[in-house]
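See structure below.
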Amino acid sequence: MEFLSFVIFLIIATALGVVLMMISNFLGFKKKIVRTNDIYESGVNPVGSATRQYDIKFYLTAILFLLFDVEIVFLLPWALAYNNTQNTGFMVAGFVFFMVVLLVGYIFVINSKSLKWEE
Amino acid sequence: MFSDILLTIITMAFALMVVFSKKTVVSALALLMTMLSIAMIYFQLGTVFLAAIQVLVNAGAIAILFVFVMMLINLEQFENNREKGKVKLVISVLAILVIMGVFALIINNNIEVLTANNIPDNSMKLLFDKLFSVYYLPFEMATVLLLAAIVACIVITGHEKAHKVELEESHE
Amino acid sequence: MSSIYYYLAAFLFCLGLLGTIFKKDLISILLCLELMMGGVSLLMILMSRATGVLESQLIVFFIIIISACEVAIGLSLIIALYRKKQTIYTDDIKIITE
Amino acid sequence: MLEGILEILIKTVVILGIPLGALPIIIHVERRGAGFIQRRLGPNRVGPFGLLQPLADVAKFMFKEEVHPTHVRPFFYSLAPLVALTVALLPLACIPIMAPLEISGRTIYPEVFRSDMGIFYAFAVSALGSYGILLGGWASNNKFSMLGALRACAQMVSYELSLSTSIVAMIFLYGTNDIHVMVTAQTGYWFGFLPKWGFFIQPLAAMLFLVGIFAESNRLPFDLAEGESEIVAGYHLEYSSMKFAIFFMAEYIHMIALSALFIILFFGGYSILPGLDMIPQSPIITPILQMGSLTIKIAMMIWFFVWVRWTLPRFRYDQLMDIGWQRLLPLGIINLIATVLITYFRNQ
C-alpha cells in the first residue's frame, strides 16, 4: 500500500509537469527568426565550446561531500538505535570514536587547503 | 505482480543503457536511473531505510560525482574508438548466458524457499540494534576506511599548483 | 512476490561484468562496477527476505560504504591520470607504460 | 482496494494542489514585499492592489514563444525542467497537514504515503534536487549555464552536510523518525507558557537548518547559481516561456517543502499555535485549526524568506564555500557532539 501510494504520487507529479510543458507548446506564439535560436553570450558572437575544462575544486567539493555524507548518513540509524538500547555507555563510546575519526578527516581537509576558493 | 515485472523491465532497460550508450554522460545518467529503480525495488520489498540510503548515497552522491567528472574531463574530445573484438564478445555473451542458465536452474528448483517472506515487520529496529551492538566494531573500522579514502583523494588530486605551472607553460 | 528479481540481480551482475571486460575507457569501467554492486546488494536483500537473516542487510550497508570509497578513489585516479597523460583509455595507458 | 486508491488520489490532489495554488500568491507577496521594503510601489495596476498580476503572468508564460535554441541537446533540454519539478514535489508526499483522523474506527493518515521513515524519505528525495539544475545547465550547452549549474550543485551539496547534522541532532533528541510522533512530542507547554518546540532546545541546529534551506533552494543571499552580474541567469539562461516558469516553480516548491520540514523539526509541525488552542476542541474544529496553524507557520517562513531576500546583498562564491565548509559544518558537528554528551551525562 505504501509503495502503491508513492507510485501514484510520482505518476501524478510527473504528469503535471508534462501537461504544463505541453500547454505552452500548443498555445505558444510561433515565429521563426534564425537569430533567436543562437547561443546566448551577452550579444556577441559565441567563442569556443561550452564543454571546456572547469575548475577541479567543484570536483573536490563533490568528492568530499560523498565521503562526509556517507559518515553523517550512518549517524541517523545510530541516533535511532541509541533510544532503543540499554547499553548507552557503549553506544556513546563508539560515537565519540566515530566523531574523532570524522574530525581528523575534516581537519586534514581544511589543512590541505583544497577547499580554499580565493587565490 | 504486475509492478514486479514493470520495475524489472525498467531497471533492465536503464542497465542496458549504461553499458551500450554511445555517450558516457548518458550512461552516467542511466546509472543514476538504475540506482533509483533499484531503490524503488528495495522500497517495494519493504526495506524503506535501505531505499533511502540508496537514494542518498548511490543516487545522490555517487552519480553526481560521475557527472561532475565528465564535465571536468571534457569527454567530447575523445572519439568513440571502442574496437569491437567480435569473437571475444560472442564468447563472453555465451559465458554469461550459461551463468544465467545455471542461476535460472537454481532459482526454479528452490522457488518456494526463495520467494518466502520471513522478515518481521519491525526489522529496521532489530537491524539497527544489531549493527550498533554485535557489529559495532566493523562499523567503526568502515569509518576509518572512509577517513583513509578522504586522505587518499586529497593526496591524489592535491597537486593543484604543479598542474597550474604546467598549464601556463603549455600556453606559452 | 515473484522470483523475477533474482533474475534481475543476476542480469545486473552479468551485464556489469560484460561492460567491465569490454569497455575501453576507465569511467565506463567504473560505471559498470557500480552496476555489479547494485546487483549484489539486490541479491543480498532478496536473500535476507527469503531466509529471515538480517545480517545480509547489514552487508548492503558495508557495500554502500565500500562503493563510496572505491568510486571516490577511482575517480581521483582517473583525474590525476587525465592531467598527466590527457587520456582515459586503457589502451593508451598500456602504450605509455611500455 | 478501489476505495484505497480513491483515498490516495484525493490526498495526492490536495497535497499537490495546495502549494501549486499558493504559488501565484507567494510570488505576488514577494513582489509587493519587495516594493514595501524598498519604499516603492510594486505591481499595483492589474486588478485591486495588483491582485490579478499573477494571473496575467501565467497567461503571459502560456502564450510566449517557446524558443528552441539550435545548439542544445534537445532531449535533455526538455527533460531538465520536468526533473526539477518532479523532484521538488516528491518530499511533499510525506508531510502531514493534520493529525491522523479517526473515522468510524479506521485511522486515516493525512500524508500521501505513510511511513515511519518520514524524515529520512523527505531528506533523501530533496537531496536529488541538484539533478534538474545540473541537467539543465549541461543540456543548454552554454558556458554561463554550465558554470551556473556547477556552482549551484557544489553549493547545494556543501550545505547539505550541515543541514544533515542538524537533522541527526533532532532525531537523536526525539528518538524517532516518525513525523506524527515528533509533532506530538512538541505539543504542550514548558512552564505553562513556552511552547515545547524543538527550536527552544536546539536553537543552533535550527539556525544551521535555516541557512541550509536558503542555500538548497538557491535563494538570495546564496543565489550564486544565477548571479546576474557574473553569469547572466545561470542554469536557466537558455530557457523560455513555460520551461522557464517550471524551473521557477520548482525553486519555490522546493522552498515550501523544506520550510515544512523545518517547521516539523523545530516549530511543532501542525501542532496548534499558542492562542488558537483557547478555542474549544471538537473532531471537526481541531483538524481545521491544525491546518490553519501549519499554514500560518509556513506563511511566516515565506515572509521571512522574502524579507531576507530584499535586505541582504549576495555573498561572493569563495565566501559562500567558506561559510559552508569552515563555519557551518564544524558548528554542526560540535553541536551534535555536545547534544549527545549532555544527554548522556544528564541521564546517568
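Order of writing sets the labels: A, B, C and D. Residues in every chain begin at 1.
Quick note on the criterion: a residue touches a chain if its C-beta (ideal position, glycine included) is under 8 Å from a C-beta of that chain, and two chains touch if they have at least 3 such contacts.
The structure presented is a predicted model; accordingly, all values stated were derived computationally and were not measured.
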Between A-D and A-C, flag the pair that has more C-beta pairs in contact.
A-D
Cα-centroid distance, subunit C relative to subunit D, in whole angstrom
34
In whole angstrom, the CA-centroid distance of subunit A from subunit D equals 15
Find the geometric centre of each of subunit A and subunit C from their Cα atoms only, then give the gap between the two centres in Å, rounded to an integer.
21
For subunit B versus subunit C, what separation do you get between their C-alpha means, in angstrom?
6
Which residues does subunit D have that touch at least 2 chains other than itself?
115, 120, 146, 150, 153, 157
Could you check subunit C for residues that touch two or more other chains and list them?
61, 64-65, 68-69, 71-72, 75-76, 79
Pull out every residue in subunit A that's touching 2 or more other chains.
2, 6, 51-52, 54, 56, 58-59, 62-63, 65-70, 73-74, 80, 82, 102, 109
Would you identify the shape of the chain contact graph, picking one of line, ring, star, complete or other?
other
Quick one: in the complex, what on subunit C touches subunit B?
1-8, 10-12, 14-19, 21-25, 27-28, 30-32, 34-35, 38, 41-42, 45-46, 48-52, 54-55, 57-58, 60-62, 64-69, 71-73, 75-80, 82-83, 87-89
Mind pulling up the subunit B residues that touch subunit C in the complex?
1, 4-5, 8, 11-12, 15-16, 18-19, 24, 27-28, 31, 34-35, 38, 41-42, 45-47, 50, 53-54, 57-58, 61-62, 65-66, 69-70, 72-73, 75, 78, 81-83, 85, 88-89, 92-93, 96, 99-100, 103-104, 107, 111, 113-120, 123, 126-127, 130-131, 135, 138, 142, 145-146, 148-149, 152-153, 156-157, 159, 163
Given the complex with subunit C, which residues does subunit A contribute to the contact?
56, 59, 63, 66-67, 70, 74
Which of the residues in subunit D end up touching subunit B in this complex?
115-117, 120-121, 123-125, 127-128, 130-131, 134-135, 138, 146, 150, 153, 157
Residues of subunit C defined as touching subunit A within the complex
61, 64-65, 68-69, 71-72, 75-76, 79
